[in-house]
Amino acid sequence: MLRVLFVGDVYGKPGRRVLAAELPRLRAQADFVIVNGENAAGGFGLNREAFELMLNAGAGAVTLGNHAWHHKDVYSLLDHPQLVRPLNLPPGTPGQGWRTFEVGGQRLTVVNALGRVFMDAAHNPFLALDDLLQRPDLGSVFVDFHAEATSEKAALGWYLDGRVAAVIGTHTHVPTADSRILPRGTAFQTDAGFTGPLHSIIGADPEGPLQKFVTERPHRFGVKEGPAELNGVWLDIEHNAALRIERYHFEEART
Amino acid sequence: MLRVLFVGDVYGKPGRRVLAAELPRLRAQADFVIVNGENAAGGFGLNREAFELMLNAGAGAVTLGNHAWHHKDVYSLLDHPQLVRPLNLPPGTPGQGWRTFEVGGQRLTVVNALGRVFMDAAHNPFLALDDLLQRPDLGSVFVDFHAEATSEKAALGWYLDGRVAAVIGTHTHVPTADSRILPRGTAFQTDAGFTGPLHSIIGADPEGPLQKFVTERPHRFGVKEGPAELNGVWLDIEHNAALRIERYHFEEART
Amino acid sequence: MLRVLFVGDVYGKPGRRVLAAELPRLRAQADFVIVNGENAAGGFGLNREAFELMLNAGAGAVTLGNHAWHHKDVYSLLDHPQLVRPLNLPPGTPGQGWRTFEVGGQRLTVVNALGRVFMDAAHNPFLALDDLLQRPDLGSVFVDFHAEATSEKAALGWYLDGRVAAVIGTHTHVPTADSRILPRGTAFQTDAGFTGPLHSIIGADPEGPLQKFVTERPHRFGVKEGPAELNGVWLDIEHNAALRIERYHFEEART
Amino acid sequence: MLRVLFVGDVYGKPGRRVLAAELPRLRAQADFVIVNGENAAGGFGLNREAFELMLNAGAGAVTLGNHAWHHKDVYSLLDHPQLVRPLNLPPGTPGQGWRTFEVGGQRLTVVNALGRVFMDAAHNPFLALDDLLQRPDLGSVFVDFHAEATSEKAALGWYLDGRVAAVIGTHTHVPTADSRILPRGTAFQTDAGFTGPLHSIIGADPEGPLQKFVTERPHRFGVKEGPAELNGVWLDIEHNAALRIERYHFEEART
């Protein structure tokens, strides 16, 4: 059995800080840790410093999302064997959309896929997963489905039920209270939630989004400072199925 | 103090069944019950039969959403003093977007508002709430914010913090694990979740959505049969502020 | 040289009427006629009656669009050698997204592709065309690009310039005044316009859309009755390049 | 009678160049010139230099659009009596969404309004126009409707038919070949087209958009250099009705 911790979208400096402080302790209880890092650098994208911080804190694999390409830095990181970019992109896209790791004598494949409802165009994630799952020797498969709509996320869960160990959503930055193991053994949760500033609007200082929504004009968004939360999902995985799924939530003291 | 239960989007026959079975018991513990009924009739909209079933089960107020207008029946119900349609629609829209109830000598105003991100055009919900909150004698205010994007929902929560007792989201049909009381006393949860069939894709039989996502062609959706879940939020409210917020989840036996 | 007439989206009964009345005369001046029929049956989709009417009027090929699947009838027509459904859909989709015709000893391949900006998810049309254009013996290629955004349509034109004879847009139902031959010989026009009722809102009786936009509630749309217009594009094609592009517009008398 | 020229979205340096070169000559034939300047500064928004260039070239009024707020410069220009920002924004928005001009003893009111289909949230443009048209002494009214969807644009034309002199669309950057006078006297054209670089994708160098559409990753867009086109609409207006509508198109030599 593998004990896997998945940590949702690390957002900006507050997200990196709480991750660096808490992950080493959590890492000690896990066989493997996967961290979504699509917002790790300033709230948009990934740079080398943020990537290394996550690895040093204990991430075995870092996944991405729609903001993957925001910092040009990411292009120099894509060949790193612990970085997983979205799978459902055209042939020839640099980097890799899945990576297989050896964990205590077992194989664990980490996949990152993009949804398409209310998001930019991408390849069909359902068919991309079908293709990937033809491959031999993937071992147990963990899918970080980076998507907006609850319908599309639930659909991928049901589609892959019995074929992967877990489908866990990211992107909305809010954890959902629907963790479950589907009938054929796949763990599912619509969204893991994010790792970033409390008292924010999905990471941003409320000032920017509020100005935008009230005035109907664009406004600059800033990363909210102050205490942060860390949201994740614990999974017990065996033979490409889940035995247990449990939400994890940590908050820094609100001083 | 008022003990208020809010029940998320009742979806089709399974949703009506679990509501009719469970709400009378819950009603006995509450001072007032609010039920979102925008999907109560066949998964889309509201008809007289579904409305009466919800009232009979104990709903003091029924709120709606983007599917409000699906059944023509709804037009004959809009003057009912317990039905609250979306607030942020043009002047002259039939029905009312807020209703004030007398509950045990206290006033409780129930509001239903529509988000605009990834949704059809509507009036600005932030400004519509500003207008409404000018009115005297609203007592404690409960806002069902029917919206898709987590950012817009969080924004309304922060915008109204200290001015209403609660902002609880609906529409995504998935409960979120972020219940909190904001610094100035407003209870907030991104989504209450829905009341409808387990083993579904936000209410629909997985067959339809899966066909759509896999084939990239439209497919007919049906309501999933079988056991249902009920998702809600318990609130303790006093002087237009929340003292407590707690998620509630019930599942019928999976036979 | 081939003289090709392309007729934009035939919409409902008024569109079928003007097509049946005018196309035979136009057909006599053309080597080949292509008609977009995605709205031919009642404003949405295609049925057998409408398909046969278009063939009888002189269409050599009928193309479709996002409404292709609206009538179940279409499934029984998809194997017809003159019906071209959208190309960029998953492997296994019934029907064919391109058809090659022998016209006066020359080959003409007709393609129908879907855009993705502001539209439902589909396969990448740029890459789908790349794949298709690998095939031998296509002769001159005509692409009906059924898309919403002017940017995506212009992009496909520039992408295929020199590789196909024409990229003509459909879907917005309004003809654009930008007919041109791109530097490497591909004829381009953002939208051919539609073939349907004058005094309508892209085919619909203004009543429905106006009610929707003014009230912010859904309303039923009906096909507008009365005189119709026919919009098309004349192309002179040789060796997979265009020698001439010219808009064509006909209106029934406004009695 | 007033002879009015409306010039569509001036885009970046090529757009400013062709406008500065050609507008003085055209201005001499017109009683009044209206120019949409929402893309005048670098392709996004308006700055002082671009605004003054347009006034110096002969613009009597400059309208804006969804990109109005891109350059902070615009905030210092909004009180200028010749600048018209989008009308349908919240009360308190700086600037004015309509301006009345005295032209040869007649009044001409210029309005700029935003669509909402496939665009960011704004106030209801139909109702905003209803409100505006209550005002006395507007004289003849010209509406620049900055919107994406052909349906919404046609709807506003029909809605205002007989109440304003003209509804001319902007935003798609492609002129439409549907200029007409509606039954009650309002001139209508879905889009005026833009004033900017030929051989571009709605203004941008094709390289950026093509990379985006092919790779499904974001790419930087640049303004295309080289020869430009100018698109506009000539209107003869009298007593708040149109006597004539005619498209105007000019292209710099393709050297």
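First chain written, first letter: the chains are A, B, C and D, and each begins at residue 1.
To be clear about the criterion, contacts are C-beta pairs under 8 Å (C-beta built on N, C-alpha and C of every residue); 3 or more make two chains touch, one makes a residue touch a chain.
These numbers were taken from a predicted model, which means no experiment stands behind them.
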Message: Under the document's definition of touching, what chains do chain B and chain D have as common neighbours?
response: A, C
Query: If you check the contacts of chain C and chain D, which chains show up for both?
result: A, B
Message: For the two copies chain D and chain A, is the contact made of the same residues on each side, with over half of the numbers shared, or of different residues?
response: same
Message: Contact counts by the stated rule: is the higher one at A-C or A-B?
response: A-B
- line: chain A and chain D have mean C-alpha positions lying a whole-number Å distance apart equal to 43
- prompt: How far is the middle of chain A from the middle of chain C, if each middle is the mean of its Cα atoms, in Å?
  reply: 42
- prompt: When the C-alpha atoms of chain A and chain B are each averaged to a single point, how far apart are the two points in Å?
  reply: 29
- request: Check each residue of chain B and list the ones that touch at least two other chains.
  value: 90, 121, 123-124, 127, 213-214, 216
Message: Give the list of chain C residues in touch with chain B in this complex.
response: 68-70, 89-90, 92-93, 120-123, 213-218
Query: Which residues of chain A touch chain C in their complex?
result: 90, 116-117, 121, 123-124, 127
Message: Applying the document's contact rule, which stretches of chain A touch chain B when the two form their complex?
response: 118, 124, 126-127, 148-152, 154-156, 158-159, 172-178, 183, 190-191, 193, 199-202, 204, 206, 209-210, 213-214, 216, 247, 249
